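One chain, chain A, links the two complexes that follow: it is found with chain B in the first and with chain C in the second.
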Partner chain A sequence: MEGLKELYDAIVTGNAKSAKALTENALAEGVDPQVLIDKYMIPAMDEVGRLFEANEYYVPELLISARAMKASLQLIRPLLTAKGSEPQGRVAIGTVKGDLHDIGKNLVSAMLEGGGFEVIDLGVDVPPEKFIAAIQEKKATVVAMSALLTTTMLSMKTTIDALQNAGVRNRVKIMIGGAAVTQRYADEIGADGFSDNANSAVALARRLVAAQA
Partner chain B sequence: MQEMSGGHGMTIHERVRIHLEPLGEIFEVDRETPLKDFLFDHGVEFPCGGLGICSGCKVRVLAGSLPVTTEQEEMLTPAELRDGWRLACSCGADEDLTLELAQWEAPVLTDETPFQFTPREGLGVAVDLGTTTIAAQLLDLRTGQVLAVQTALNEQARYGADIMNRVLFAMNEGEASTLASLIRKQIGEMIAGLIFPAKPVRRTDRLRADVVNVVIVGNTAMHHLFCGIDIEPLSHYPFDALNDGLQLFLSRDLDWGIPGDPPVRFLPCIGGFVGSDILAGVMAVRMHESEPLISLVDLGTNGEIVIGNRQKMLCASTAAGPAFEGARIGMGMRAATGAISEVKISGEKFRCHVLGNVQPRGICGSGLVDAAASALDLGLIAESGRLANGGAPISLCPPVVISQADIRELQLAKGAIATGFRILLNRLGATPEDISRLHLAGAFGNYINIYSARRIGLLTLPPSRIHPAGNTALLGAKLALFMPDDEAFSRVARTITHIPLSADLEFQELFAGEMRFPSASPSGF
Partner chain C sequence: MKQLLEEILRDTPVVIDGAWGTQLQSLGLKPGECPDAWNETHPDLVEKVARGYVEAGSRIILTNTFGANRISLERHGLAGKAVSINRSGAEISRRAAGDRAYVFASIGPTGKMLMMGEVTEDDLREAFTEQASALTAGGAHAIVIETMSDLAEAKIAVAAAVATGLPVVASMVFDSGKNLDRTMMGTTPEQAAKELAEAGADVIGANCGRGIEAYEPVCKRLRAATSLPIWIKPNAGLPDVVGGRTVYHTKAGDFAQHVPAIVKAGAQFIGGCCGTGPEFIQEVVKVLK
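And now, the complex of A and B:
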């Protein structure tokens, strides 16, 4: 599996074309898809996160690495579903109602996928009902909300209240993020965690899921 | 407020003495007065409106003491706290204090550009109502001559320096009318100052005729907060204003008491947050009459871009972030004394120009753009934005450095503008070569070095096509004073289409590309 080190490199350097080709080859040769994820993709995205943390990578590099990772994951995902293997956790993610700025959300979403989570991306301007449906129907165990603006941040509280009223609040851990969000705000509205960047969001999600077990 | 009761029911307010550096101002206030209440009058802005969620209003205690609260601990580093930095918004004056301000009043840009007009009788007043600053001019409508100028910081800014924080404040019960009264009163006083100056230099000239016309321009939030229109729809997607059309008042409706009771017009908005300041800018650069494509770019916290000609005009606003105004930059400051405003390379070294020829204490937007351009040329910054030397800060001129985080902020700001520009061009089916002139509006556009702007990839047109245009909002408002009918403004506003960038599917992909730095300045056409 010497050639698979190249898959790791393709993701770290953000080469989507070669990530896809290498994954196709590996699968054709009968490599276990779970091994591809555990041994190559997760470590690659961890490295991307480390480079980001060390300030060597920034938003553009994160975006292209995420794209390479997704190209590979798209091939692997159906095989895993067929085998019925369970992900680390299921995260329903979206920008809250009234907010349309989704670059931060997309980065977190990609890093979570790269970190071995199943991500249910609800998109932008997501009303509370959609988060509730993701918990009830898709069995999400973590809800991740993002808001860029101080005005739309208020929808996070509305969403948490709606989860409470729908009786699903205790089924999930809630994490929030976005330019205007602070730890203090997270505490104030009763969220379980706050992260100010895409990389630490993965560590946060892992902690939250571990606390659920 | 602490009060001491005297023996006969008399109340004495204890006073404390405040000394502000580097302004050198000394005055007294009542003990326990919140710092916010008096610092604003001395030019200190409260970017988040005093919520304690940014550190923009920080001041340094040079003498006396201010307690460290939990808010302070959350927003400031232990080193800053040790050095005496505090958030002004969460402190009161409990004793005599000497404070160093991290920011103070910057000059407000007005306009003296000559323009063509058809003379009419009387005097007119043009007002550019900005989120941060206000500029007003009194004109003789027979000669087009500017008779008097007034500038000020927008008093609403104490309730939130940027638009979204202002909107957030206005959504609290009753506060929209607080803001409306505040701004109406302030502009009323500025106009009174134009007509009845404290020192009557040319008073007789000015009073020979009545004011017949007042025109105000501003972004959509300023429009709503002045006119008393519900601002809630501007707080969230899809940012559709209830009524962003031309608003007509009589001077007496606003309690202004201007002789002759002239009509007051707030010009119509374009769409989203793009308001009549940009509409006025479009009229000032005559885009609506131009045959070839031209562009108007206002580089501020909300960077606004318009591209078009007499047939079709598209506009967009980008949340460029405050990097161009020196905010969120480690040693960033406004273009004031002590700011590095220009950086050049001499030999292999940086040569910095410091405003006021004093020891440098920070860097303003134009200095930052220059510094990045020079550092790119010296190979100290990679195209990805990564600093060479393992990310160690670049020393410009001691003690001023630029850090990796500063360059990242700059990448976000310039990337957002460049992406907006590209998306509008794509929608028009045009290329940069098709743009015959690009007008850079606003204070920053006046000071930025065009070669540096090209080097960092903020602008790509050849220098010969880029023109600093000054305060085009104020110039456009003056032109509007001479326009015969209201339909004229609305007609121009209707020909401009607002493109919401965050809804554009290409945005993320293009933004990722535009955040990078080019390997060299783009070549001319």
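And now, the complex of A and C:
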């Protein structure tokens, strides 16, 4: 298991090439993929999150670590799927109707993928119907909505209302984020949670999924 | 052209304008609608916003071209109109300014991240070069690269603006980290000042962010890090959405109360960003008298 501490380090430092090679080696040696994830990769991303909270890491470091994590996960995911194990959760993410900004949404997507979620990226200017379709047809268990503008934040409420009317609101947890989004706003419109950065969005998604089970 | 900057700086602090987006919304701009396109569809209303700032006492006004690079415009299917939208944006502000104010043309970020591989450096260079040349053709006196979070993108924009021969202001958003003294990408005021100056900027600045309270320390650090003039344009705090309406909590008078300390900390240029209107500028002019 000597090489596996190196896998942890490769993810923390964001070295995708080395993370991929180390994962390949470990799998070839017969290490259980679930052990790789639980003992080395998730703890590595937790450390990345801690460094971000401590202001030692910023967005670029988060992104390169998420990229390294994703490189490893891409090798492991097919093995887990073959064993019948599902991803942590399936997140349908999009910037709400009327809003075309995608940096925040893309950062959260990258971090969620790094965190082991399957991400269905619906893009920008997403009408409520597309979120509904992702729940009905792609079995999304979490809906993540983004809006940069205070004017388009109002589409978050319209979307939640549409989910309610379509009878799918209770099948998913809803999380929201964006420059002006607050906990108070999340409460006001009936979302299940809010996050003000891409890192804590992953912890939030995990909490919401755990509450679903 | 740098003479122009010296001429403006003979009498400091120089009061700039406030926000445009929030003003255009109050004149009917719809959520999600492209504000920059109004230069062609509603030039009279854009000019009204510009005039509002000239009358409030701004010695420098910007232009309604913050999102008028072809990469941002493409989201609205308007990339092909980049040149005319920028040109008319500069012309509208010049008309409103007359001989009472200078026009510093606005260039904002593309909204795409280099690091994520969404755009290449060449894409950015091309887009900013096109925008900067069109603004120059429209009669801008100077160019402001503003609201930048990524130093790499900011430097490409500065280089494109410098190539026009006009004076260039380069301003970033410091809204991250415990002390709100880093950009989203982790850049400090010191790094920003050094690298933007090396890229050719004539003025270094900070704008937008999380409210005017955080600006005095950032301004001090910029002042210590560079001998270039400093440009500061804070917003009116973070907005809140209450019962479906956007509310900015900082009022014009409170905003202006912070201004003398920022000027003392070294700012030669001072104005407002999101949520600030002509009444903020009037109060700033009053407090600096």
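In this section, the second predicted complex is superposed on the first by the 209 of 213 C-alpha atoms of A that agree within 3 Å, B and C clash if a C-alpha of one lies under 4 Å from a C-alpha of the other, contacts with A are read in each partner's own complex, and residues count from 1 in each chain.
We take it that a residue touches a chain if its C-beta (ideal position, glycine included) is under 8 Å from a C-beta of that chain, and two chains touch if they have at least 3 such contacts.
Note that this is a predicted model, so its numbers are computed, not measured.
Should the pairing of chain B and chain C on chain A count as a clash or a fit in the superposition?
Clash.
With the two structures laid over each other on chain A, which partner does A:Val59 touch: chain B (first), chain C (second), both, or neither?
Touch status of A:Val59: both partners.
Figure out whether A:Gln183 sits in contact with chain B (first) or chain C (second), or with both, or with neither.
Only chain B; A:Gln183 stays clear of chain C.
Is A:Leu100 touching anything from chain B or chain C once the two structures are fitted on A? First, second, both or neither.
Once the two structures are laid over each other on A, A:Leu100 reaches both partners.
With the two complexes superposed on chain A, say which partner A:Ala203 touches: chain B (first), chain C (second), both, or neither.
Touch status of A:Ala203: no partner.
Go through the superposed model and pick first if A:Ala166 touches only chain B, second if only chain C, both, or neither.
In the superposition, A:Ala166 contacts neither chain B nor chain C.
Between chain B and chain C, whom does A:Ala110 touch in the aligned arrangement: first, second, both, or neither?
The second partner, chain C, only.
Given 114-122, 204-212 or 240-248, which one is the stretch of chain B whose C-alpha atoms run into chain C?
Clashing stretch of chain B against chain C: 240-248.
Intersection of chain A residues contacting chain B with those contacting chain C?
The answer is residues 55, 57-61, 63, 97-103, 106, 124-125, 149-152, 155, 180, 182, 184-185 of chain A.
Residue numbers of chain A touching chain B in their complex, please.
Result: residues 54-61, 63-64, 97-103, 106, 124-125, 148-152, 155, 180, 182-185 of chain A touch chain B.
Once bound in the complex, which stretches of chain B touch chain A?
Chain B reaches chain A through residues 48, 53, 74, 164-165, 167-168, 171, 235-238, 319, 384-386, 391, 404-405, 408, 411-412, 500, 502-503, 508, 511-513, 515-516.
Once bound in the complex, which stretches of chain A touch chain C?
55, 57-61, 63, 97-103, 106, 110, 124-125, 149-155, 157, 179-180, 182, 184-185
Name, in rising order, each residue of chain C that touches chain A in their complex.
Touching chain A from chain C are residues 25, 31-32, 75-76, 111-113, 115-116, 118, 176-178, 182, 184-186, 238-241, 244, 246.
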